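What follows is a group of structures, each given as structure tokens.
One chain, subunit A, links the two complexes that follow: it is found with subunit B in the first and with subunit C in the second.
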Partner chain A sequence: MKKVLTRMKSKMEINKNNDEYIIIVGCGRLGSHLANLLSKARKSVVVIDKDEKAFNRLSDDFSGFTIEADAIEIETLKKAKIDKADVIAATTNDDNTNIMIAQIAKTIYGVPKVIARLFEPSREKVYEELEVETICPTTLSAIEFKSIILKEEGK
Partner chain B sequence: MNIIIVGGGKKIHFLTKSFISKGYNVTIVNDDYEYCKKLDKMHDANIVYGDGTKPYILEDAGIAYCHMIIALTPKDPDNLVICQIAERMYFVKKTFSIVNDPENIEIFKKLGIDTVISTSDIISALIEQRVTIDDINNLVPIEEGKISIMEVEVNSDNPVTGQLLSEVKLPEDSIVGCIIRGSSAVIPRGNTKILEDDKLIILSLPEIQSEVLKVIRGKVD
Partner chain C sequence: MSKKILIVDDEKNIRMMLKHCLKERKYNTDIAINGDEALNKIKENNYDLVLLDIKMPGLSGMDVLKKVRERGNNVNIIMMTAYGTIERAVEAMKLNAIDFLSKPFTTDEIRSIVSDVFSREELIEEDLENYKDIIEFSKKCILNQQYDKAKEYLKKAIVMDEESPEPYNLMGVLYEYERDIDNAQKNYRIALAIDPSYKPADINLERTVQFNYSEKGIKLDEESLDEDEK
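Up next is the complex of A and B:
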């Protein structure tokens, strides 16, 4: 039964793939860049940030919506229609804010895909079990650095 | 009992004092170096300087042997993370968290925090009740004000004096749980008579408190 449901779900996801609804929390360097890319890929995107000035980072042809509010307040997420979101990406510069938003999205609203940015790698472990995908720039950079260094050494 | 408190402010002083006087082991984690020094001078507690939302700082604070953790920082996401790390990574049995935004109470509970307290909510509920209803003692909101207990003293001009409890038409969602008569307490039944100077302990939903009072005192404030 569960298998059938997931299959149905994945089918539905394929069907509506074109009008995937994505919420990005935090319009910093990462959030704005991601928003621009997704907007270019013709996804419907909503960006949330506390600071109105942050939206200046969005490109001129960004076609999504912006909400100026604190995403920690549940009203903001409701306003962004979190219950209808297919993807939510938490990219604020505060790890704990990202974690909280990701959990609200996953546990309370059942958003199918939730991604959070975490600077601090030591907390990653706790959130793996929550099915929240985490991206840790520190770890990624270290891996990249390592591969470049080792490649050079190998030469 | 080993207790870790993360955060600062007035609350931390009172909590630490009262826990230490009860003989508990208290460790305070704070990320302000000067404040940590101050805490160290004031209290007979272990002080750890660092970000309490990082697992290795909590390890320094002895989280592996801790029975209870209290998150008192001014940022709600930080409090959530502190409690979750304690619960998931270190299996701390009891987690307490303060929330600054009352809307977060439900969210924190759904995300697995045992006890969530919103000071602003409790205080505003208390003030509201005191303002609207006079002459009532010991108003206690329970479960963040979902239900409240109040103590009402009846005197000779109240219509309920001399009546059997079953004759008193209390509104729904309210009950007389106990009667304090002189120095003894009576658990009342329908055939218990309400006498002058009895103190009625009434459990009710907060929104019908004034209705309950109207029935008991026969007048509207």
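Up next is the complex of A and C:
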């Protein structure tokens, strides 16, 4: 119940301010795609990646900021104005990096909505305790696989 | 008639973001991708405002600002800075650019700073109604190099709202113009005492303190080292 309430509260806070400020950590296949979609939806987007070449994945009409730096350094997050962020999405391919960034965002800066990608489903519990939402590609793919297989079986 | 704004930035993402955002507000926009192009366009057109990136390859934003002012052009300029480059603010302010937009910014921030700049133009001395008007009017005085008048109005702002750090910070900047670092620091400190999280004063104080420390360092080496050791 408490969890639902805090989630609702953070959603309300976001809706109140229609000019969402979103930080995406990692400009890989997932991060860049997400950045393109959000930029298209006219959100203020900042993408952080330590490899400048990664920004080539952004589409031509991406209209946001890019910061070439290591996001596990607090100076980088300050540079991205994390204190003002409405949402932060940690999308690097390393679970530990993602959890660390999510934790900094949640506990030090009180970012209202923190979402992290997580490959290892068994770690989901740790994030729950931190009130960090997670997207687990492993679980999501399993569900999709299952639904396709079972649908075919049902035919 | 809608206002004409020139956007100067070497990064395409940012030019597009600014363009979209200002077009929504029915401003007329034009674009320059480097300092040279900006100078030419400013020469040939009458812009109401220029959004100028400080960090560009070739001619930097500061160079452009200097050249524009040398030609006697007093167009409104908002400087866009990256994180940590605010130390050049005083330099820019002396060249009559007192508005700064620090990257990364949101579309809301762009709209509000642009409308502040335009509404400031319309302020008349006899017509100042509230605290915000007075602050904006003193900025206008700074832009017109009427520093004494700016101080006078900043004092009025302080009387009106004792809880706000902004007038103290601006007062500090004016003292820095006069190279009166002690008084500048005093004002930055008051601003911080009112609101410890007020960034401009924090950065200004840090900068001037560093400046002082380095001066002291030089002195210690040359003259007062003996005394200190005694």
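Here, the second predicted complex is superposed on the first by the 138 of 155 C-alpha atoms of A that agree within 3 Å, B and C clash if a C-alpha of one lies under 4 Å from a C-alpha of the other, contacts with A are read in each partner's own complex, and residues count from 1 in each chain.
The rule we apply is simple: a contact is a pair of C-beta atoms (placed from the backbone, for glycine too) under 8 Å apart; a residue touches a chain by one contact, two chains touch by 3 or more.
Note that the coordinates shown come from a computational prediction; the quantities given were computed from them, not determined experimentally.
Chemist: When the two structures are overlaid on chain A, which partner does A:K79 contact: first (subunit B), second (subunit C), both, or neither?
Modeler: Only subunit C is touched by A:K79; subunit B is not.
Chemist: Look at A:T107 in the shared chain and tell me whether it touches subunit B only, subunit C only, both, or neither; answer first, second, both or neither.
Modeler: In the superposition, A:T107 contacts subunit B only.
Chemist: Based on the superposed arrangement, let me know which partner A:E152 touches: subunit B (first), subunit C (second), both, or neither?
Modeler: After superposition on chain A, A:E152 lies in contact with neither partner.
Chemist: Would you pull the subunit A residues touching subunit C in the complex into a rising list?
Modeler: Within the complex, subunit A contacts subunit C at residues 19, 21, 42, 44, 46, 58, 61-67, 78-81, 84.
Chemist: With touch defined as at the start, can you tell me which subunit A residues reach subunit B in the complex?
Modeler: Going by the criterion above, the answer is residues 72-75, 94-97, 99-100, 103-104, 107-108, 120, 122-123, 125-126, 129.
Chemist: Taking the complex as given, what residues does subunit C use to touch subunit A?
Modeler: 13-14, 16-17, 20, 82-84, 103-108
Chemist: Once bound in the complex, which stretches of subunit B touch subunit A?
Modeler: Of all residues in subunit B, those touching subunit A are 53-56, 75-78, 80-81, 84-85, 88-89, 101, 103-104, 107, 110-111.
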